[in-house]
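What follows is one structure encoded as structure tokens, with my remarks underneath.
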Amino acid sequence: MMPSAKMLPLMVAGGVVTVVVGFVLVVLIISTFSNPPFGLGNAPAQPVAFPHSVHVAENNIQCEFCHRNVTKGEAATVPAVEQCLFCHQNIDGTSDTASAIAQTEIEKVRTAFETDQPINWERVHRLPDHVRFIHEAHIRYFTDETIPVKYGINGEEIVESPDVAQTCTICHGDVGNKVEVQPKTGQSLKMGTCLDCHRENSVPTDCTVCHK
Amino acid sequence: MVAQRVDHKWGMVVDLDRCTGCQACVVACQAENNIPINTKDYFQQRRAYEWIRIERYWEGQFPNVKAKFIPILCQHCENAPCEPVCPVFATYHNDEGMNVQIYNRCVGTRYCSVNCPYTVRFFNYWEPVWPERLRNQLNPDVTVRSRGIMEKCSFCVQRLRRGEVNVERRGLEPLTGERIPTADRKLNYRQMKEGNYLPSCVQACPTNALQFADQHDETGPVKEHFDEANEQIETREHGGHVDESHTRVYRLFEEIGTKPNVVYLKKVEPFPVEKA
Amino acid sequence: MQEGTPLQSRQINAELLRTILNSPKWFWIAISILGLIVLFAMAAAGIMINKGMGVTGLNRPVMWGFFITNFVFWIGISHAGVMLSAILRLSKAEWRRPATRAAEILTVFSLMTAMMMPLIHTGRPWRLVYWIYTLPFVPYDYARGIWPNVRSPLVWDPSAVYTYLTSSILFVIIALVPDFAVLRDRTTGMSNRIYGMLAMGWQGNPRQWKLQIIAGVLLSALILPVFVSVHSIVSWDFGMAVSVKSWHSTIFAPYFVVGAVHSGVSAVAFVLIILRYIYGWQNYIRHEHIDALGRLLIVVATGWFYFLVMEIIFGIYGREADEIAVRSLQFTVNPWAIWMLIFVVITYFLPVAIWLSKTGRRNLWIMSFACISVNIGMWLERFLIIVPGLARKQLLTFDWYTYRPSAIEWILVGGTFAMVSMLMLFIARVVPLIPLYDIKEAEILRTSIKIGRVSVPATFRED
Amino acid sequence: MKLTRRNFLAWAGIGAVGAVACEGFGIRYGELDIQSPVRLPEDLVRGTDNWYASLCRVCPSCEGIVVRVMEGRAKKVQGNPFFPTNQGKSHARCESGLQALYHPDRIPSPLRRSGPRGSGQFLPVSWQPNGIDSLRSALQARGSSSVMITEPLRGHLGLLASRFASAIGGEQLGFESLDNNTYRAAVKNVFQQDNLPDFDLENSKFILSFGADFLSTWISPTRFNRGYGEFRQGEHRDRGMFYQIDSRFSMTAASADKWLPVRPGWEGHIALSLAQVIVAENLQATGVNVDALVGGAAGTQALNNFRPELVAPMAGLTSEMTGGDPVEFLKNLARSFAKTRPAVAIGGGSAGATDNGLFNLEAIYALNYLVGSVGVEGGVTLNPGSPWDNVPAAGKVGSLADWTRITEQIRSGQTKMLMLHGADPVHGLPESLRLRDAIAQAEDLFVVSFSPFLDDTSAMADLILPDRVYLEDWGDDISEPGPGYQTIGMQQPVVNPLADLDPLSFPDVLLTMAQELGKESQLPWSNFKSMLREGSDALFALNRGSIDAASADDFWNRLLQRGGWWDEKSTGPTKVQAPNGLLRSIAEKASDPEFSGIGIDSDSYYLVPFSHNTLLDGYNGHLPWLQSAPDPLTTVTWQTWVELGDSTAEKLDVKEGDIIRVESSKDSIRAVAYISPAVPPDVVSIPLGQGRQHGSDYATDRPGSESSNVMDILETTQVKGTGSLAWAGTRVRLFKTGESVSISKLEGDTRAEEIGTTPGEEIIKTIKPENH
């Protein structure tokens, strides 16, 4: 049955409302499930193209070797340039497996060290100012063998105590096999994520544990 | 393992007979908690932030005049009037006897402040500003509250948390080096004192008028006072009569029934001013 | 008791639809002036949101001021609609007829205005998303098992007010359907289509009439508890505040409800007088209507005054030092004492004296004056409850302070009045502010025939 | 610790990582960066705090502090729990040192005057060659006729400054607005000590204080507060009794059990009347040779002129004040003072600041002999001298007589060079001395300031060479008053100066100059740190005290770690023989206080100025925390207020916030009225500290009606015998100006009094001592 001419404006109006509301809903739903929303939080270009995959997956360097504060304090911290030079004094990228890019990037690090210039990395995960997150405490928990069962961030049961590097992947995902680290590499790091995991593990969920 | 934090119950004892009103606690609090600089305008508008403030009450007329000082800070009430009225749970009571304000949840209705009998909640009427260089002093353990947010004394929860993390981290008895069972890794008074984990005002108070510890901590200075104060409440709840004339322990505005976790000790007054 | 000359349906249509079908020049002038004021107030709100609540005169003890006063005031005004429509409809008060529509619409607008006040009062309204959002889009709340604090009167409050707002809108629309149909039949082009949609296929057949009347009566009955609860709950915003001695009173709920009716009915009476004047509706809003409202108001005002006195007496009876301090601020300290005196005189003694005399009730100028004075007084009443209570909160005399509203607050409060006026004017351009069918119904009902020596109505209403 | 600290500082200087962690709240520029430092010491954990021991230099008393440092930024100052004088406690002033460190108005680099003198116009210059060269040439040309004005110096900086001054042939003087010379002289005359004594309040049972605001500003308030707390409620002891006899109701008087208002300048008479009662009633402590103390019959005769019957009316005591017959009151006071042992009598502040101040203080301190509390527990503890032979425990502090002379020298052209460090004499001396004009008009005068902040005197400088702030610099201090035994405090730099600042340490500059001027023989050290290190080695050589170290290096490290060295065994004398006939000589010296200028008439008032609780004399007025800390009694902040009694306010018809013009014979100032129930009807009080004209906005952005300097109106009366300023010896007239401002105080708009009528409604509950 053809709608009457009178009903047309009503139908048009209804259609517009449906489209607008639908669009808003879709945007909100996508932004809820995609992390970060629409790739807005993709890590920007780093000053030195540092491939985690080469260091971790290929050369088996443990996370805490470079992020050495991760077992000692709140922040994991990026390594000092000096520390890169531990290896890169000798490894200059001229071996046949390395590409020309590797050579130039390693050269950047060496130059920085020689000229006494700190490297300005771009932050990938930004913790809000009102949140206290202590890496050390989390690693201590997951690596503690006296606790029989622990639960991962998605509720998965962890029976074997992981080592430090495995603990990192619980939240940060498989960084070791990624060339470029992006927020989406790991878990969505929202308050609910923290809260779910704390509840699973029966550890304190008092607000002041994380909020400052 | 994360320490069993729920076992603590913090409390402060304020000895009014020791307090001289010197303002050391006030500035210590401002230094620790990133409290905005109280400009002249803030005072003129009566919007100055002093999480702990010294109130001075006059008594009598010249020449028989007295001034009494009382430090007033958030009383961390067990039955806090501010808590039920917050529509968003930005303020709530935690298991450690603390009344907590979560800044990022606050929407700014100011109802909590309206309903606080002690007037110890402070609203950020303006965005706090510091000269660029002074920002270096800001404590990274404490959020800077933006405008539209209610704030108040937190018992320096960041210092307690720092202490707890250190206790956990060490997991060892400091003197003997024995490993402490996880459940017993509590922050006791001695550790708080040595590790600078006491609230900033308590640490500064030159007359020791402020004392802070776990209410159940035998080694701490507050247990006996809290035991007595709780006994008073219990007696009253059972309809008994408390003889107040021989005890120094009291809670501010006890009759409202807020059960504060701050206990005051009466001022001793050999020559009271005759009340008109 | 109906007075005046009988009207013909044609005349009713012509006169009551005049406001919609042609617009005089003064209308646009008035709308633009009011609109400018509203814009000005919006700019003030913008400044406040941009700079922070520091631009107000609020301070540490007095954290609530003009905005909350204004909120309670407009909630109070909103009670007029239901009072007149529902109660009078249920009690079949004939004189209600011309007043209902304007009253209901005033309810809707004043509720909307009222709800704006707590929003801008927080300083950062967008933060309220945490408060009202129930969806998992925001990183907090229900999805994380953290719910709004249902113990808080500030959660009860919007629940009640929004329920009231929803039902009031429904009430208005149901009552408007027959009039939309009349408008649909008298317009052309775009407005014809819009009215057509709004009339929802109204043909005026008996079944439709029956449903419409039943819906109206049913809604009237359902809305009554909401009407009582809204202002009760608004009063609990204060009554639940254990720490503010002069607020913590069990009498607050009926006191506020009666006060709301007092100010609301006065406001409606004033609106009716204005409408009569500007639209020339002498035939519809007649002296007898205003007269009836005046007589109703005597009762309401006296009831309210009883509660006022009780509230004060109960407060003082306890002889608690802090309660006495609030009262002595209210009664003995200037400027509060002066305001208090003015408030009592202009809210009760002056208007009631006017209403007690028939001349007063029948003189529209005097009546307007009385109604305005009641509303100024009721505004003052809320102010004199809220601010002195906070200024003398508890015994900590060290923290006592008063409150001086800033220019921004004055502008915003003024802006709400302009906004409600503007919306009322505007709506008068869109819908008939006096229900056509209701008036016609009255005309029919008043027609009587003589049977022998008695006069009986020509038509019986089906109930 | 040393290794960490050093590396840490080096590292902190290299990377600006701290900026990321500490500066940004909200996404600010650079916050999304995370910086790799170039080098990082192995044992440094980032994001964790480090605590360094140092010394507080905000106020003249010496307090040990620990500073919390994170990522190269100082975050918090707290008391050093090991340090003997303050034992972990701190005053509001100590905390504020951080604001000096990160103050927005620090002078970043040397400045040279570009406008006329006093205009405050400067151009930045470089240290090398401009700054240092100008200083050297000025020293070469004018060094022999130079005056170096510093804060009161002790320890190695005192040694350095005095030697430097003598090496170049100039003069060095410490400056304090309200100097302690009278107190020092009284101590010398009564106890024959060069060092200021300590008071063992902790163990005392009875404190009788005359005019000394020792809980707020006088000498070492943190130490006294610490003792006071124990005096009141310490464990295993009875609560002490405390009388304050004072012309102003100070914070200390508020804490006293009984405050006795007295006319300014009559404290000594009251002290002697108490002595007379004790002697007459034979109440002295056992073992006290009263005859020798009093000076025989002649002494008794002299003392009899001070019988309470005579003194009470002179001192303005009324029966309302004493709750009965004032004479009986004084007698009873003397009796309980003598019977409650140990008791201690303290005098200072306004009691020593009238022209008869020396007499007052001597009379007060002599009381301690009568009750046998000199050198005993709970009484006056005498302090030993410096553990170093050559390093002074107290430097010379100029008195008003000195400043008058120096002003005259400047005016006459005799002084050709002024060096300023930590002192602001233009602000801190009475305006009628005309020091400002003298400096401004002196044609051949070169003024060098080493201040890191602009102040009223520095604003008149030709050259400003900004010093480091104490948290960035080395130093040491000999506590004065010490805790009764030898105590050294060590100050170390806890952070490096920020990158945009270029200060140079004052002692290092002096040492460099000494070398460049060829004075190595007197000052052979290359820098101040090595000088301190030499001092540390000397302490190590003493082989005693709190630090047990194997080597000199070890000793030095531990010295820095602990923040000081002390030796509890090397105490001061515990027994002092009172001079023969002490009371007689004091009684014969007695004189009534004299008030020059306006003189005593019915419409003039005693002016009792006082040190501001946090600002003291205002040298640190640029620190916002100190400005915003409410005065304990009035709770006024940021403004200069004048305290009026209720009756005075009624007489003048003023209310709070009205601007009052306070006029002396010298000048007048304007201040905001604060009406207090505790101000005697014939007294007004004004705090020092405000009224600066140059420097940071925090100190100067207020109009003269809200911020004025009470020094401007003081009469230049000198205390007899010491030449100090008799700052409580001024009479003023008050005028209502008709203007009014909003007073910026914490208190609300009503006078805060308890209004509760039932016991449950009291805020500050009290208890009788007998029930406790």
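The chains carry the letters A, B, C and D, assigned in the order they are written, with residues numbered from 1 in each.
By our rule, a residue touches a chain if its C-beta (ideal position, glycine included) is under 8 Å from a C-beta of that chain, and two chains touch if they have at least 3 such contacts.
Source: prediction; values computed, not measured.
Q: What chains do subunit B and subunit C have as common neighbours?
A: A, D
Q: Just to be sure I understand: the centre of a chain is the mean of its C-alpha atoms, right? Then which chain's centre is nearest the mean of all of them?
A: That would be B.
Q: If you tally the C-beta contacts for A-D and for C-D, which one comes out higher?
A: Per the contact counts, A-D leads.
Q: Subunit A to subunit C: how many Å between their CA centres?
A: The computed centroid separation for subunit A versus subunit C comes out at 54 Å.
Q: Cα centroid separation between subunit C and subunit D, in whole Å?
A: Distance between chain centres, rounded to whole Å: 65 Å.
Q: Using mean CA coordinates as chain centres, what's the gap between subunit A and subunit B in Å?
A: Taking the average C-alpha coordinate of subunit A and of subunit B, the gap between them is 38 Å.
Q: Please set out, as single numbers or ranges, the residues of subunit B touching at least two other chains.
A: Correct list: 46, 48, 55-57, 143-144.
Q: For subunit C, jot down the residues that touch at least 2 other chains.
A: As it turns out, subunit C has residues touching two or more other chains at 61, 140, 395-399, 401.
Q: Residues of subunit A touching 2+ other chains?
A: In subunit A, 129 touch at least two other chains.
Q: If each chain is a node and each touching pair an edge, is that a line, ring, star, complete or other?
A: complete
Q: So in the complex, the part of subunit C that touches subunit B is made up of which residues?
A: 51-54, 56, 58-61, 63-64, 118, 121-124, 127-128, 130-131, 140, 146-149, 151-155, 237, 240-244, 390, 393-399, 401
Q: Taking the touch rule as given, give the residues of subunit D at its contact with subunit B in the complex, in rising order.
A: 18, 21-23, 25-26, 49, 51, 66, 68, 70-71, 73-79, 81, 86, 88-92, 95-96, 98-99, 101-104, 106, 215-216, 221-222, 225-226, 228-230, 232-233, 239, 241, 249, 251-252, 254-255, 257-259, 261, 318, 320-321, 323, 498, 613-614, 624-626, 628-630, 632-633, 635, 637-639, 645-647, 676-681, 702, 742-748, 751-754, 759-761, 763-769, 771-772
Q: For subunit C, which residues count as touching subunit A in their complex?
A: Contacts found on subunit C: 135-137, 139-140, 143-145, 193-194, 196-197.
Q: If we count contacts the way the header does, which residues on subunit A are in touch with subunit D in the complex?
A: Listed in rising order, the residues of subunit A that touch subunit D are 69, 72-75, 77-83, 112-113, 116-123, 126, 129.
Q: Can you list the subunit A residues touching subunit B in their complex?
A: 128-130, 132, 134, 136-137, 140-141, 144, 146-147, 203-204, 206-209, 211-212
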